[in-house]
Each structure stands twice: as C-alpha cells, then as structure tokens.
C-alpha cells in the first residue's frame, strides 16, 4: 500500500507526460536536429553544418525587422486585448444580473467563430472602397473611403492586431470576470464608505487583487499571440512589404516557399528561445509560488 | 455585484463601452450571415446591402454541391468528441496527481505544461506528419485525435489543476479512509465536484478541434475523412475568395457549436470563472 | 491407398494450377493483371466544378474497366493547401501515385530524386508529342520527370468602351510597354464627374506579387539568370530589360486600384468585367468564370505588350505536370493511371484550361474556338522570367520583393538592382 502510494503520482501523470514527450518533445528535438543540418527540398543530402543556419537566419537583412514586427504584434496585441477585456469586464461587473448574463454570453461569441471565417469576414468588411465598415464610417461623418486597412504599410499591422484582438478579447474578459469575483467585498465597501472615486478604488483595491490573474493571463496570451499565424497568413500573407511578417510567418515562408527546412527549423528554435525569455519572469515567479504550495 | 464610487457619468461611459463592444462583436456575425444569403454578385455592391431582399440560398446550394458536408460533420464530431474524452481523462488524472501529491519532478512537470504550449503549429506539422506517415497512420482518425489530444492536454491539465486544488483534501482523504481506491475517488468524488471545470475544459477543447484547420488539412487526404473546416477552406481558391459560399460554409460550420454553446453557456461561464486559473 | 490417393490429388491440383498459369502466360503472352488502388492527387478548384464531376467519375470507371481488379481514387485539396502538402508528402515518402506538380517545383523535386523517370518507363518517344517549350518545364538533366498536363499563358484583355472614353483607338490596344503605360494613364479617369477616380488602367494582383504582370517582363529579351557553360548560375538583373521593367511597374502605381491587399485576382477580374478596369493581363480562366464576358461588345484582347516594337513576344506561362514518386509502391499501376489521365480523351476534360501542349489537343474544341486565338498565338512565346533552377522558390520571393519595394518607393531602382544581384548570388551559392 505504501509503495504504490509513492508511485501513484507518477502513474497519474504518466499519460500526460507520455503525450507531451512524444508529440511535442519529439518534434522539438527533430526541429533542433534539422536546424543543424542543411536540408533543402532540392537536395537529398543533409550534411551537418553546425550553427550555419542560425547565422544565416540572424544575419539576414530582414531578421531585425521581423523581430520588431513580432514584438509590436505581440505586445500591442496583448495590451489591446487586456485593456479592452478589462474595460468591458469592469463595465459588466456593475450591471444588473440579467443584463450582465446577456452581455457575457454575447462577448464570448468571437471564441466560436473559426479563425478562417474571422479573417475572411474582416477582409470583406474592411475593403476600402466596397467594404461595409468604410461605408458606415462615411455615414457617420468620417471619410474612410480611401483608407487602405490592409494595403497601407502603416495600417496593415494595426489592422491585423485588431482582428486578432477581436478574437482573443473574450478570453481576457472571462479571466478578469473570474478575478473580479475574488475581490473582497469588504474592502470595496470600505473604499466606498470612505468616499473614494471609482478610479481610486480601482487602483488601490481592485487592481491589486487582479494582479495575479492579469499576470497569468498575460503570459498565456503572450505565448498564444506570439505564435499566432492563421489570421496574418489568411489576410495579408505577411505583406504589404513585410509589414505584417512576424516570426511564425517568416518561418512558414522559409519552409514552404523557399523550401529550406534547415533554416526554417533554425528560425523556429530562435522563436521558441525568444518566447522562453519573454515568459521567463513569470515562470520564475510561478515556480517560486508553486514551491510554497 | 459591486457598488462603488461610480458617478452617473462613469456609469454612462461604462454603458457606452459595453454597447460599442457588443456592436463590434455582433456585427461581423450578422454580416457573415447576411453575406451568405445574398446573390454572389451583390456581395460587394455599393452601397452595401444590409437586408437582402429577397434572400437566396444559392451560396448554401453551392456549398452542399461542392463537398460532402454531412460526412465532414460526422468526421469532425467523431474527432472532436474522442479528443475531448481523452483530454479530460488524461488531464484530470494529471491534475489530481499534481495537486494532491508532492513528488520529485512536480515543479518541472508543471513548468513543462507551460513550455509545451510554446510550440507553434507550423513547427509541429512536418515532424508529426513524418511520424504519422512512418506509422502509416496518415489519413485516419487516429493521427488527428492523437495530435489534438497531445496539444490540448497541457492547457487542460493547467486549467484543471486550479479546480482540483480548490477542493478540500478532506473529501478524498475521507473516501480513502473508507477504503476507496484512487480510480474510484477520481470518478465518483472528484470528477463530479469539478464538473464545472471539466465542462469548461471539455468545451474549450471541443471548440479548438472544431475550428482547427492546418493540422487536419495536412494530415488528411481522402475526402471521406476531411473535417468541416475543409468544406470552408475550399472556397479560398487560387483565383480568389468566393465570399458567398465561404460565408455559407462558415455559418454551417458554426451552427452546431452555437447550439452547443447556447445549451452550456451558463455552466461554461460559471465553470470558467469560478475556480479557474487564479495564477 | 488413401495416402497415395491424397498425394495424387495434391499433385494433380498443383499440375492443374501451374498449367493454367503457365498456359495463360504462354498462350496469351499477358503480363499478370494489375491490382490495387491508384490515387490521383489534384486540386479541388477542378474537382469541385459541377461540369467536371462526371468526367472525374468517368476517369475512375474507365480505369476500372481497363484494369479489372484494380481501383482508382481522385484526391484533392484547395490549391493553397495542395501547394504545401504535396511537397511534404514527397519528403515523407507517402505521396499518392499520380501527382499534380507545379512546374516551378520540378527542378527541385527532380534533382532530389523524388520523381520517377518517366522517359525511362514510358519511352522517350512518348514525349515527342509535346510542344518543346512546354516540355522544357518538366525536363531535368535530359530526363523527363513529369508529363506536361496543363499549360497556361496570359494575354492582354481590354475594354473598348473605356478606350473610346479615354480618347484612345479601341482597335489599337498597346503593343509596347511605353504604349501600355500611356494607355493606363489615359484610362484612369473620373467618369462620373464626382471628382473621384472611377476607372483604372492597370491592376496588380494580391499581395503585390506581380505574378500576372510578370508577363510584361517576359515580353522582353531579358532573363534574370544566366547559366554559364560550367553550369554555374549567375544573376542577370543589371540589364536594361529588368531595369525598364522595374520602372514600368513603378510608374503604373497611380493608375492601379490602391487596395490591392483585398483585391485579389478574382477581385481585379471582377473590376474588369464590371467595366471599372481598362486593361487586365490574365489567363483565359477569366472567360470560364465570367460566361457572359466574351459576348460583351466592349471585350477585346491582344498580345502582351513588348518591351520594344521590334522585340520578341512573350508571356508568363506556367502549368502543371503529372508525376509519380520514385518510391511508389505500385509503379506499374501508377503508370497506367498516368497514361489514362494524359490520354487526349481525359487530359482536356479534367481541368479548366485545356492545354495545347501538344498538336492533338490543338485540334480540340478549345483550341478551335476563335475566342482563344490570341492565346494560342501567345503560347509559342510562353516562358517564365526566371528559368528553372534549384532555388526557384527563394529566387521568386526575392524578385517579387524587389518589385514590390520599387513600386512602393521603398528603394530606388539602382539600389534595388544592386540588392537583388547580391541576393541572387547569395542564394545560388548557398549550397
């Protein structure tokens, strides 16, 4: 009984561990392996070249721009999702029960739309001359007839960030709603009795209690946004003029258009290292906290 | 519900924020539906048509003629359902193991759950395709179910750890003292108590598999095994996008999920917000 | 007694069986009947067309009739998926039996040994029936690795009414780059008097990969690569042809619809069909997809404008071949399916662009239709701006990026040429 008790946790986590090692760990190892050889579609041989692929990837003229674009896409995207989700969650929190339920149900809808349909319908609506969004803006007094949402090199990235945030915001909304439920009522009451403004209450009470969930959600969404590929690929394919070419997009092009699998794997590994570095602070804090559990 | 120091102006602004958000969220759905019932030539008419009269089912007809949608629906349902069942089982076991026991490797395992989510799909596809084709399993449910399960287990476990940790230990300890074995504890006691979490996780996985495009298109070749998304992506052609049929296919693909969502949304929201990842 | 009888029966059976096998073999000289299932992987843009569905079914039925005991299956994916997937399948070694292959991928796949040498299996004389220019796409180091299945080229479609409105002679479409540019400018007009431009003269395709306009470059003596006698590949972009082409692309920008990102090929076609685009360089699928177009009184077509009045004709051409993996598990059956697909009876039916890649198709209904007369003429000078080589994917990306940058004034033409020269050198020396 005692022996099997000791083994129990290992047995319980075994299926999950096996799945992860096999289907995620093995491809990771494969990728690293491929990144160290020269492998292009046109040639059968795969000679070992050490770090040559990495050097080529990092010293290519466009690498800096790609990383910058990825940074803007990720940080900008997460910020938009977070602020938007926060505003809506706070607003809904103060609503009556029925209204709040209805709003919650509706806000979750973008989650259900397939990514492909999301991209296509926004392309349809944001077409400059014939798109309905432009039409509505014009009717409301603006002049959006010739705004090129996806064709202007300055607007393309913000536009795809918006589409991605549209899809991702519900997750933030949910997480913050969950977090808001844990804000202690008595502290809020105390603040109200003290005559604190809404802003002050938020800053000193609500926000403090939201911090853990904001941090954990930020980490998850940073990873997901960083790796996001479908939306950009469907709408702009990385264009115009690489304005929306993030690391995943550039990796895909290296693999499937340029047919250089060695370099594509190297770029993959570099991307994963970057994500790892970015999420490191949270992971360190998390493991410290887990130790104390 | 919180009453805090909100002024009337504050309340009004909050209401505006909510209304604008709802408009931005709901309008694309409306537009997708409306586009699917327009004559194809009217999709980009200027000024845009908001209420197509008379509506036409031409695009839906095109969709149903182009691909065996009922077959695709069956495929996706089988793959998604199997994946959910597997993910919930494996994740609950792992979550229970992690939250109830302190063992060596516990923290690395938890961190590996996070690390496992870092891999983007584009990196996974070729190695996994080679793997499955070496096993001669390409073009079968197995490859898809296996891949989706592996991708979803890290997130699933992560979510369920939160829920299981929230259960007081006394409950399962009491059951153990009564002589219940771990499988029994898991199925008879823990699972019912974390059912909001199971529902939330299960639904998330279901929706993910339902929508997934890249893996299913790469791994499946024959028409009779393709997923619902294949029916949608057919209309993104080399010459351009066929907006009418694509939105029609999109509506057909979303409809089942919408129905499921309608049914479970209260429980889902409750589940996701009640014991979820608090960090 | 029993034992002997049993033995006798067994021996008799063995004799009977071998007699029948031998007997058939010797008396009829047949090879053993082929069994198994052969698969054909093509694009769903074709299999999804209602009018073609009976033809795909006929292919399978005919194959089964010709080879009792065998089966055939048609697999398909949308072009965007197919173009990535078929490479992965070859690399993984489980490609279907007969594959549609993009001509741009032929050098890479042939060189890496992924494709079966069809000249070897079908006999080199089988390939004599194809137009040499088309066959060149599927030849590598003297061997044929795929059979030319489709061929396409581009012509200049224009709108006679808009020409008239712009003060141009509707029967004199542009024949040179200079004329094309001038006409594009004239055709960019405000026809409704509201101060906004309503019609344009030129269109780029999404997303500024000037795929169709590359025809203009092909209508010049230029070629972006030179292969010297040692087989070394060198860039050839610092030429008046390429520079002139860059300048043309750049100068066309004010006369092209600006929202190219959401105006894909079909979008631009629609502009032309709806009378909003004066000139459209594209392939004849625009006629397939817009049935009323050929009857419109303003419909006109012409050869691609050449760089100079006495220069060579040219047009961007591409196409698909059909090939078999070198490691195919059932090569004999695969070859039979390939031959059936390539037969004149089926070749013209299973796609939307019947190819005059060989004379016996040149007498097909498609070729005899007068609406295709210009295109038939253009076939003779069809080529690609970068000749087939092992780095085609990357070179195409580099070239298209260069053109995009010039169009957007991100870089001067001189700098663009210098950069591209360097990039090409780097790419081809990377192996």
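Quick notes on this one:
Residue numbering begins at 1 within each chain, and the chains themselves are lettered A, B and C in the order written.
By definition in this document, a contact is a pair of C-beta atoms (placed from the backbone, for glycine too) under 8 Å apart; a residue touches a chain by one contact, two chains touch by 3 or more.
Keep in mind that what you see is a predicted model, and the values were worked out from it rather than measured.
For the pairs A-B and A-C, the larger set of C-beta contacts lies at A-B. Comparing the CA-atom centres of all chains against that of subunit A, the greatest distance is found for C. In this assembly, the C-alpha centroid of subunit B lies 38 Å from the C-alpha centroid of subunit C.
For this pair, subunit A with subunit B, the centres built from the Cα atoms lie 16 Å apart. Distance between chain centres (mean CA atoms), subunit A to subunit C: 38 Å. Within subunit A, residues 123, 127, 129, 131 each touch two or more of the remaining chains. Within subunit B, residues 44, 126, 130, 233, 236, 241 each touch two or more of the remaining chains.
In subunit C, the residues that touch at least two other chains are 84, 91. Interface residues of subunit A, counted against subunit B in their complex, comprise 6, 8-13, 15-17, 19-20, 22-24, 26-28, 30-31, 84, 87-88, 90-97, 101, 103-118, 120-125, 127, 129-132, 135, 166, 174-175, 177-183, 185, 188, 191-192, 195-198, 200-201, 212-213, 215-217, 219-220, 223-224, 227, 229-230, 234, 248, 251-252, 255, 261, 265, 268, 271-272, 275-276, 279, 283, 286-287, 290-291, 293. Listing the residues of subunit B that touch subunit A in their complex gives 1-7, 10-11, 14-15, 17-18, 21-22, 24-26, 28-29, 31-32, 35, 43-48, 89-91, 93-94, 96-98, 100-101, 103, 106-107, 109-124, 126-128, 130-131, 146-147, 149-151, 153-154, 157, 165, 182, 207, 210-211, 213-214, 229, 232-233, 236, 241, 243, 246-247, 250, 253-254, 257-258, 261, 265-266, 268-269, 272-274, 276-279. Contacts from subunit B toward subunit C in the complex involve residues 44, 65-67, 125-126, 129-130, 133-134, 136, 138, 217-218, 221-223, 230, 233-234, 236-242. Residue ranges on subunit C touching subunit A, taken from their complex, read 83-84, 87, 91, 105, 107-109, 111-113, 196, 207-208, 257-263, 390-391, 393-394, 396-397, 401, 404-405, 408, 410, 430-431.
Contact residues on subunit A toward subunit C in their complex (touch as defined above): 38, 40-44, 56, 123, 126-129, 131, 145-146, 148-151, 153, 156, 235-237, 239-242, 253, 256-260.
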